[in-house]
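The structure that follows is given in the form of structure tokens.
In this document, chain identifiers A, B, C and D correspond to the written order of the chains, with residue numbering beginning at 1 in each.
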Amino acid sequence: MTKIPVGILGATGLVGQQYIALLAEHPWFEVRYVAASPRSAGKAYKDVTAGRWHHTKMWGNGVESLIVEDANQVSRAEEAVKRGDLSFVFSALEMEKDAVKTLEERYAAAGIPVISNASANRWTQDVPVLIAEVNPHHADIIPLQRKSRGWDKGFIAVKPNCSIQSYTTPIWALIKAGYQIQRVIVTTMQALSGAGYPGVPSLNVIDNVVPYIGGEEEKSEEEPLKIFGSISNGVFQNAEYPKISAHCNRVPVTDGHTACVSLEFGTQKPSIEEVKQIWASFTSLPQELDLPMAPKHPIILREEADRPQPRKDRDTDKAMAATVGRIRPCNIFDLRFVGLSHNTVRGAAGGGILNAELLKTKGFIK
Amino acid sequence: MTKIPVGILGATGLVGQQYIALLAEHPWFEVRYVAASPRSAGKAYKDVTAGRWHHTKMWGNGVESLIVEDANQVSRAEEAVKRGDLSFVFSALEMEKDAVKTLEERYAAAGIPVISNASANRWTQDVPVLIAEVNPHHADIIPLQRKSRGWDKGFIAVKPNCSIQSYTTPIWALIKAGYQIQRVIVTTMQALSGAGYPGVPSLNVIDNVVPYIGGEEEKSEEEPLKIFGSISNGVFQNAEYPKISAHCNRVPVTDGHTACVSLEFGTQKPSIEEVKQIWASFTSLPQELDLPMAPKHPIILREEADRPQPRKDRDTDKAMAATVGRIRPCNIFDLRFVGLSHNTVRGAAGGGILNAELLKTKGFIK
Amino acid sequence: MTKIPVGILGATGLVGQQYIALLAEHPWFEVRYVAASPRSAGKAYKDVTAGRWHHTKMWGNGVESLIVEDANQVSRAEEAVKRGDLSFVFSALEMEKDAVKTLEERYAAAGIPVISNASANRWTQDVPVLIAEVNPHHADIIPLQRKSRGWDKGFIAVKPNCSIQSYTTPIWALIKAGYQIQRVIVTTMQALSGAGYPGVPSLNVIDNVVPYIGGEEEKSEEEPLKIFGSISNGVFQNAEYPKISAHCNRVPVTDGHTACVSLEFGTQKPSIEEVKQIWASFTSLPQELDLPMAPKHPIILREEADRPQPRKDRDTDKAMAATVGRIRPCNIFDLRFVGLSHNTVRGAAGGGILNAELLKTKGFIK
Amino acid sequence: MTKIPVGILGATGLVGQQYIALLAEHPWFEVRYVAASPRSAGKAYKDVTAGRWHHTKMWGNGVESLIVEDANQVSRAEEAVKRGDLSFVFSALEMEKDAVKTLEERYAAAGIPVISNASANRWTQDVPVLIAEVNPHHADIIPLQRKSRGWDKGFIAVKPNCSIQSYTTPIWALIKAGYQIQRVIVTTMQALSGAGYPGVPSLNVIDNVVPYIGGEEEKSEEEPLKIFGSISNGVFQNAEYPKISAHCNRVPVTDGHTACVSLEFGTQKPSIEEVKQIWASFTSLPQELDLPMAPKHPIILREEADRPQPRKDRDTDKAMAATVGRIRPCNIFDLRFVGLSHNTVRGAAGGGILNAELLKTKGFIK
């Protein structure tokens, strides 16, 4: 099978590098186009990232010798499409929000689908925020998006913030099993890689915790409601529940966001055993389709008293699963648990790749 | 003024060492008696703690050459009392809970007041759990305790768990200002020194977080209710409110427990500004009495977006204050904030010393 | 092909666990026997290591349900041999040195080859200390060892201390290329896992470095001389050179020992370029035999200014390579470089497995 | 006594902040002038450093409300001199090297003495690089510097790089005792604060060590030779010995540089006991003059096997001492030891203040 040629916008940053590392041996996709800021343009990818390459293995299949393009020059991408080197792009752009929004739209308008990690288009009314196991049906908006925008082949689909991935799928599994969830109070302990590179200065976090991440609490509270929402008249309608209140903290951990969750059900309340059973047996469309990047078990249950832990659990199941543990009653709400997911894999590049796989099986990318 | 001679039970452990460091230049108390496990007994304090002394300064005034006694031999302490070398003891015993309870009672029965950090006697009905700024009046139970036990000069007073100190005083300040607090959901990020020494293995916490500390959530949920409670018929009656639900985590921080708190008021709800004003202006009996170990401001308010932080705020005001920040509304309950206190000073030895100072001014120790 | 059944002595410790993780999918060996201290005996391996299992993946092929044996009861191992469940053992015993020595000899005397990580037998005159790429010919002593001890099938072969693995192979490559090395001054920055589990208390190393590891400097200075030595009259004769002086430090790194090396050649001095060429092209017997655990490149050269680094380079080439960088002249000796190797893989279990593979190809184990 | 008004150039950076923290209660000096980059100019010091103030205590005596000046506008400093608000400046400028050199000369030419931490003028022929305990007599060049430059009151005096402070004073003490030192091989493990702020990204150092710091090895090898040198014809003449070879590493420690030193004496070799005695009894001019910032003991000897350690020893004696330990023979050179000093206090702001105190007693600043 010939692989689909893909491009990475923001290819030199932390998430861009993660895309390249994860796609090095992907069965369907092959990185043939890398774009970044103008100051990197014209140089070999290897030279631009030398000294700040974050992985053990060096680059991927030939990516090291690709010449970095200027991400602002969409025409260069169009030329790549014409010569068969580009079918769609993953966006890991690290620019000012409005600039990202405009640029992603320019790619889509040029007929190039954009699978994005950026936050810029998450609240665009006709752009789906996809977690492949939770709301794969939200991809159904893409034809409407194309139509209303006047786009032919291009479209924009995004993924949510990394901070919510450790508890959104578990919550969804409970909703899907028929239990309404009214309220969620969550405290996250988030990894350093979530801030990109250079990101958090080491003097801020050695022997320390920083109880604040700009904008993160708002995203954590609002994004799940769009993901749990529905499509109505060609735009997304947020779910009303659960109400979420978040405390977001930065801790001295390289990768892996941990969340302490307190959760209140509606009138129907499952037992702790039932919650465990729902989570342990949860699978969804990506598992049915056996997508290459899909974890075998989207939710992994740990029974030990002291798990999940970021260093020990983040890499489980291709670093794509949410690991949950400490499932116990709450003396104020109904249920308490701890969730964990790998923020630069499941929460960023891996999640983006899984979305692309899903959209390919649905025929939106080719 | 002649200083009061004091003893430390469990003098060689992390908290015992903290007592000795803090008392090195205390204006009222002087360490003249150190006791620990039988295997340390008979050796000079300096030799027992060499290679595991945790402070920059070496020991205190002559403590280094004191001969360590066997803490189980209460008769040795009685002899010290007779020769004028001991008036009361601080207990930082690290033994099995029942053994601590019995041993502390034996000291009290021998006429030696026990100011304890141990958890063993926290739920003993007639033993006060004191935070000097919150419930100094609980010391009033001591005459009743002495009477019912048949103790003459001895008594037992304890301090609560270190995990609750960053939010209990702030909550109390609000209650004292007339606001009932119904419910509290709190997630703590606790320092390594809270586990004593050797305590947490380094392999557990480098690049990691452990979302579990045995017994800590129960203590966090229950101890404030005794502290906020009242004395009735010679025993303590727990307060009914607030209901507390806790998630306790261990993070790679040496000292300083951080807590993310979500709090629901009763029908009367103060504004955010009023909360800040209540906290900034809070003082209590230790401040009025100008006790040597009392912080000038028991609650310190930080307005920066990203404070309090353990490494930067734990040492404020002799490491005896609770620093609060990120005071903001909660979209589920009413108020969210972050609290921080130094767990081995305010939360252990410093809190014990402040209790002793309080009990001295009340005439219970001499 | 039927796999050779192997046992692990000290199976529940950090290195024992590493053996089990690495052997989970080994093409030649299969763990069928696990032994540890008497207090673990009689329980399922899974239950003994629950809550202190250090790897992401849980156990290996069925090892989780093996019943742990008492390592002191050699007769149990003999029974396992008889029923075809044991062919040889990896020793990762964490007991007092003399006890390990005696116990390893008892296994060997019982006809069970012992491939050991323990230090107990490193200075036994007729026991080879093997680095498979450096002194594979030292295995030739095994027939002599068997003969003089009166052992039939059993023998003891050990591997050196983890601290020397990042520079011993590079030094050997230079010696093999014809350059005498006179003197080496080395400073190591060693990972926490080198101390086992629970090992180093977290309070010792957060925001800290400990410039001392008991016994490590002596091992670092002396073991290479046995490895570079020769067999004479059935016992080992140490090499005279290089003289080594070591400073060993503990740093807050989970895995991966780093060494800063200053090295003085004899009269023949290679150029920096020649050194690089020797290292980049070095291979040895394990590579020729294509042993399963052998790294493709025993020495990996990094040209970046700031490599090798433990977190980024320790896992290269199955975590079995030594990565070297910062190769530059020395203004006192001749050459300076930085070496790095993974201490619990190359420096412990992985090195042991590679030795076993080598000894199998030589016919010593079957 | 009226305090001497001083200014800080580069007042908002990490070292600038350290100056302000250390001078908060200084008996001789008072910060009355703060200057930084143009973008900070015109704002209150408090506002510029809010959110990036690195100390527990907030600012110093009134410094928080000083308006930050543009460091490039020397005329502003001259005006401050005229109105009695400035007598001399501490330079902690973080600009390009040539720019610093020129700017410091402009201040000196304007009659304002410059006590600098910057490296720009360290190799200027007539500028002394002072360690107050080692080469206080190098201040004698100041009249010659003034004369040849045509400066009236102004002059430039600098301090050396922070990396050398843990071993240069101990080495000097041995030289002063009559022992020639031929060769030194040193490996440093340097703290993060040495790189300023934001400095080292956290992702570079969590669970990691970086074996490279740009330019640091050259400074470590060369600066001691100027410090140990002499004045000849109005310029400095380097000492010929010791030859130094350095490996410089960055480790995850906030403050405190540690050095592992191997040292070769000339023909006269002191015993280990004599070395200890020389170090323990070493004092110099700052101690004789009882300068406010001078440590009581410039060299502190620790006899424990595992000291010095950065977190435990960096703050000893006002964080101004070099702590040495692990003093033992070397099997290649003659002596091995570990040295430690606080890099932002002794190695930066504290060292600068001590130099200023020395220069005041010598009459160069008033």
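Operating definition for what follows: a residue touches a chain if its C-beta (ideal position, glycine included) is under 8 Å from a C-beta of that chain, and two chains touch if they have at least 3 such contacts.
Please read all numbers here as calculations on a predicted model, not as lab measurements.
Distance from chain D peaks, on a Cα-centroid basis, for A.
Ranking A-D and A-C by contacting C-beta pairs places A-D first.
The distance from the centre of chain A to the centre of chain C, each centre being the mean of the chain's C-alpha atoms, comes to 40 Å.
Look at where the CA atoms of chain C average out and do the same for chain D: the two points lie 43 Å apart. With centres taken as mean Cα positions, chain D sits 47 Å from chain A.
Chain A has residues 54, 206-207, 252-254, 305-306, 311-312 in contact with two or more other chains.
Within the complex formed with chain B, the chain C residues making contact are 14, 54, 192-193, 197-207, 252-254. Residues 50-51, 54-56, 206-207, 254, 304-306, 311-313, 315-316 of chain B touch chain D in their complex. Within the complex formed with chain D, the chain C residues making contact are 183-185, 187, 189, 206-212, 214, 221, 243-245, 247, 249, 251-254, 258, 260, 262, 305-312, 325-326, 330-333, 336, 338.
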